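Have a look at this one.
Chain lettering (A, B, C and D) follows the sequence in which the chains are written, and residue indices restart at 1 in each chain.
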Amino acid sequence: MESIANSLIQSWGITSSTGAQLVSLLVMFGFASVVLLAFFLPFAGITSWLERRIAGRMQSRVGPNINGPQGFLQWIADGVKAMEKEDLMPDDADAPLFKMAPYFVFMGVGATLVAIPFSEYLVLSDLNVGIFYIISVTSFVTVGILLAGWSSNNKWSLIGGVRSASQMISYEIPTALSILTVVLLSGSLSMQDIVKAQGFWPWEWHISNNPFMIIMFFIFFISSLAEGSRTPFDLPEAESELVSGFNTEYSGIRFALFFLAEWGNLFVIGAMTTTLFLGGWQAPLALKGSMWLTPVQFMIFMTKMSVVVFIIIQLRWTLPRVRVDQLMIICWHYFVPLSLLSILAVTIWMAVSHGNSTIELVMSIFSTAIWLYFVLLVLYRAVRNFKRTDAKLNLNFLE
Amino acid sequence: MGFKSYIKNIKETLDSTFEGMGITLSNLAKRPVTFDYHSYGDPKRMQKSLEKAGLKNYIETISEGYRGILEVDIDTCTGCGLCERACPIDVITIEKGKNEDKRIVVERFAIDNARCMFCGLCSIPCPTNSIMHTKEFEASNYYIENLLFEWADSDGYIAYNAKKDGERERAELGSKIKDKLIEATIIPDEFYPKKVKAPKPEKVKLKAPPTVFGNRKTRKPVEEEVVEEPVKKVVEEAIKEEKKENIKKEVNKPSDISTDNTDGDKKKEKEVAEEKATENKDNNPKE
Amino acid sequence: MKPSELLDVIEAEFGDFILESSDKGFDPYIVVEPDALRDISFFLKDDERMKFDFLRTSLGTDKIDFIESLFVIYSYELKHQLIVKVELNHKNPEVDTVADIWKAANWYERESYDLLGIKYKDHPDLRRLMMPNDWVGHPLLKDYKQPKKYHDMDLYRFNPVLKVVKKKAKKKK
Amino acid sequence: MSNITEKEVFFDEMTLNMGPHHPSTHGVLRFVLKTDGEILKTAIPDVGFLHRSIEKIAEGLTYSQFFPYTDRVDYLAAMNANQAYAVAVEKMLGIEVPERAEYIRVLSAEMNRIASHMVGVGALASDLGAFTPFLFNLRDREYLYDYLEEMCGARLTYNYFTIGGVHRDLKTTTKDKILKFVKQGRKNLDEFNRLIAYNKIFIRRLAGVAVVDKETCIEYGIVGPNLRAAGVNYDVRKDQPYSIYDKLDFKVPVGKAFAASDGGVLGDAYDRFMVRILEMEESYNIIEQVLKNLPEGEIQAKVPRKLKPPVGDIYVPTESARGEMGYYIFSDGTDKPWRLKIRTGSFSAMSAFEEISNGYFIADLVSAIGSFDIVAPEVDR
């Protein structure tokens, strides 16, 4: 990106420093809007369609299938409808805050895109504090939701907002602690370096470094669900308890922004999990080191991320939501002590195994086997349930 | 919380979550039980989804004897009026007369489908199965007047009499309703009916129900104190005050509806009181 | 306990206050003096032979001469049932509450107050239950007339179809 | 569970208006909540939004004309409501119903009980955020509705019973279909249990919530599955048998702190949930028995055209899906009832709410409403 800005400055013959800064700012802005419009919005939209189709299939129904082939354009129809709607605001609402809140939420999610490495070369800005930047930027979401809850002048919204604040403040601790182990293992805060510290094969990923990393993976995954307020932690907008939580009073495009942010968050959670634990864009040795291999690495990254997103969606349609006190108990009684314990264990393991690559490899394969066991367990139970209910196999997903 | 239960909680949570994930995952490989229903929007699409489900049309999904919109085969109607009497909500209106040959003529046979609740009570007593429920269920349209289906022609129809007319068979079920449903979508000339005044409630003389068993030992006559309800009192006082104010201001206002009501109530109360007095006299000496 | 024995026991205890008792009808019932209702209720609930712990329902009936307030009680342990009736003045129906004896009576008495205007003395929370709080009249009375309007809302919803029916009928006649 | 409330530190009270348009107040209920943050002080129920004055309407209709209205008292278990009214009027008139009709009645009533419990437990799950099990149950319920439609011609408001029998006979094809479904239904119920009933989060959400002990239940007249969950073994089908229930072999499931290992108490929300699940299994048993022993014969007793019960009053209890549904009828000897009163399970459960709800979270109130399986039209009538 800097190179593009530099070349533009040279070709336009700008010499003053303020001018150069302006141009680079413009380039930044242009790039950001392109990424948002061309990647983020479609991704969030398509995910919303996919989620509804998957949910439908899981619940023995069809799901949206009318607009476009297989209902693929449903998200555009929803977006257009939301834009056409009147942007209502309650009489006694705090107008500036009320209008501002969705942008905070959207910004908090959108800004994380900057530091996420899609491939070896495809990263907007490889910040040396990348992971730190992402943690801090996602806090904007909390601010936005709290503002939305407060400014709506609605008691249900307020409860939703306050719930959200307490939830996200609590769950940032286990998230940060679990990220800390990854930082320990890779020795860097930069996202690119974290990916480079891993390899293509599953036993080279951070998750299978040692068994405690599996615990850290679970803790990171679940607490990032809580931070993104996905079921079973969707308390801020628990639709059966708080009507619709913080976004009760929103309508039209502002509501759509909340919605987009929710599904954009899915992407962020998936990308973070992939990058930190599942090897990121890492390809086999032969497919690295060249600009031209970007699509391959990008596809690898997107595949891993899609699996994570699918699991998140599946969890949403499987589990009931937890209660407020249970939410706190899960965080403070289980995640925080476990993650502290795991950090200790990981550091001890690092000290013990330092430089001994055979022990490391054996341990890696052992812990790969452990998490593979969990994956196979779920698959086995799926097959078992299939047999128990006497169902007929039908893999035609395009009904 | 002991260490054992701590570990147990984690284990059970993970276990039950994996079980649930297995179930939702296995449902991905099952066929959805629903199919598209587009009878109004996209008939082709509807046909496709029906074919997938192995059906010819959506009527097939409805079982025999479904209680849908009522159909009357006026050719076999005897004009007996059993259906009209059976209906709990007076949806059916039948008007009868007699022609020169002293035969019953059904002048009017109207069914108000807007109010019909499809209970099926009318079709049971029908001697000739003239009135029956069809499988049709979609009658919604923009004009509620159109849901009044007239089954007899305006000239009237000579009621069916098996002895005089010979045996007749009922027309095929569902053959006549379709025209009516298509008719119902036509825009009427005037579709905002003017307001109608409330019907005057019929005056019914109330009689006390009979007592069950006469083994009463001492029957104390229930004392009659004329104490008016506080709610009514408040309302009446408010009205009185209003009237006073009105007189003071010397403004002529039409009397409120509520005053009419209370007046009516008073009259009624008097009547009831008189009745009670007479009945009590009748009852008491026996004991 | 058999219904006849049940009634005998009650007669022996409260003979003077029982106006009528019978098991010849569908269900055994007693008619009680309103003043003695609470004493009898306590007896019915607490006595070893009675143990009526379950109040099935409580309601009022407008019988023109008087208003009847009754409750149906049942004993889970002894498995017998009784209907206890009180006859009240039609103009000013007033009776002691049993809501503190059987808590279930609380809402039933509110309902009876709402729909029939029976006033239960010392009821903990005697408000209307079904109808709005500012409604005038008690709908289940036999001589009840529905008001035409409530807060400027028409209470008679005219069916336009019905109107058409009448018009046409007139034309033909 | 709720240790927090034991501290006597209360700040400003917040008044929240829950309903009439709230996603988890099934139908149209309204609660006025007094809360301290998220913790409830009281929840005062406000009912009457669905009051259709069915009891007043009954005074103007003949005994057989009133049948369609009984459907609408409890639309989720309309067949049970039908049966309650039919049993009451037949007892007044002294009509003996033919045996085949009785078997068909019990069959349809038990099918409807399963359908009603499916919605009851499913809606509870969906109130807690798990939507899939709810839709699984709705899917199975549609099959049951299909068979009921084949039997009587309607899917929700059946009006299947007449005084002295049923309207239509049961076809053999329908009978086979039902037998086939019972097997599949048991499997699907097992799937439902594994998906949600044994889920740790779900158990934890319901264990120890909205505990109603035996005494409170009896005091407030709470009936049916809610009463049995508190440990009282009382079922009208067993204790005051009507129809052919005394010939059938079935158990009455009683609550016993099913979630005891997760902090559950006897009579909590999870017990009420589990009692319903077990009752569904028992109903499947009853359906199988009925279909096995279904006799041939008439389906309608000979009944005079004008029904005039003798003078007198009667109270007849029956076991509906939501507990005891009783009809009090006072007949003045004409063909119309002088006074008719419907006693329903939801009404008494609702009346106890003010006492039950104290000290729980707002989220618990939602699960409490769901666990009592309250249907608003039954409360208001």
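Going forward, a residue touches a chain if its C-beta (ideal position, glycine included) is under 8 Å from a C-beta of that chain, and two chains touch if they have at least 3 such contacts.
Owing to the predicted nature of the structure, the values given are computational and were not obtained by experimental measurement.
Chemist: Return the chains shared as contacts by chain A and chain B, ordered by label.
Modeler: Shared contacts of chain A and chain B: D.
Chemist: Of the chains shown, whose Cα mean is nearest the mean of all protein Cα atoms?
Modeler: Of all chains shown, the one whose C-alpha centroid lies nearest the global centroid is D.
Chemist: State, to the nearest whole Å, the distance from the C-alpha centre of chain A to the C-alpha centre of chain D.
Modeler: 44
Chemist: Just curious, how far off is chain D from chain C if you go by their C-alpha centres, in Å?
Modeler: From the centre of chain C to the centre of chain D is 24 Å.
Chemist: At what distance in angstrom does the C-alpha mean of chain C lie from that of chain B?
Modeler: About 27 Å separates the centre of chain B from that of chain C.
Chemist: What parts of chain B, by residue number, touch at least two of the other chains?
Modeler: 9, 17, 19-20, 23-24, 27, 33, 209, 212
Chemist: Tell me, which residues of chain C touch at least two other chains?
Modeler: Residue numbers touching two or more other chains: 25, 63.
Chemist: Where in chain D do residues touch two or more of the other chains?
Modeler: Residues 132, 139, 191, 194-196, 199, 201, 312-313, 330, 338 of chain D each touch two or more of the other chains.
Chemist: In graph terms, with chains as vertices and touches as edges, which category applies: line, ring, star, complete, or other?
Modeler: The chain contacts form none of line, ring, star or complete graph.
Chemist: Could you run through all the chain pairs that touch each other?
Modeler: Here the touching pairs of chains are A-B, A-D, B-C, B-D, C-D.
Chemist: Within the complex, which stretch of chain B touches chain D?
Modeler: Result: residues 9, 12-13, 15-17, 19-20, 23-24, 27, 33, 62-67, 86, 88, 117-121, 124, 133, 209-212 of chain B touch chain D.
Chemist: Using the touch rule from the top, collect the residues of chain B that touch chain A in their complex.
Modeler: 1, 9-10, 17-36, 52
Chemist: Taking the touch rule as given, give the residues of chain C at its contact with chain D in the complex, in rising order.
Modeler: 25-27, 29, 53-57, 59, 61-63, 72, 76, 79, 81, 83, 102-104, 106-107, 115, 128-132, 139-140
Chemist: Which positions of chain D touch chain B when the two form their complex?
Modeler: 61, 64-69, 71, 132, 139, 142, 146, 149-150, 152-154, 157, 159, 167-168, 191, 194-196, 198-201, 311-313, 330, 332-333, 338
Chemist: Spell out the part of chain A that touches chain D in their complex, as residue ranges.
Modeler: Spelled out, the residues of chain A in touch with chain D are 55, 58-61, 155-156, 159, 163, 231-232, 234, 238-243, 317-326, 385, 388-390.
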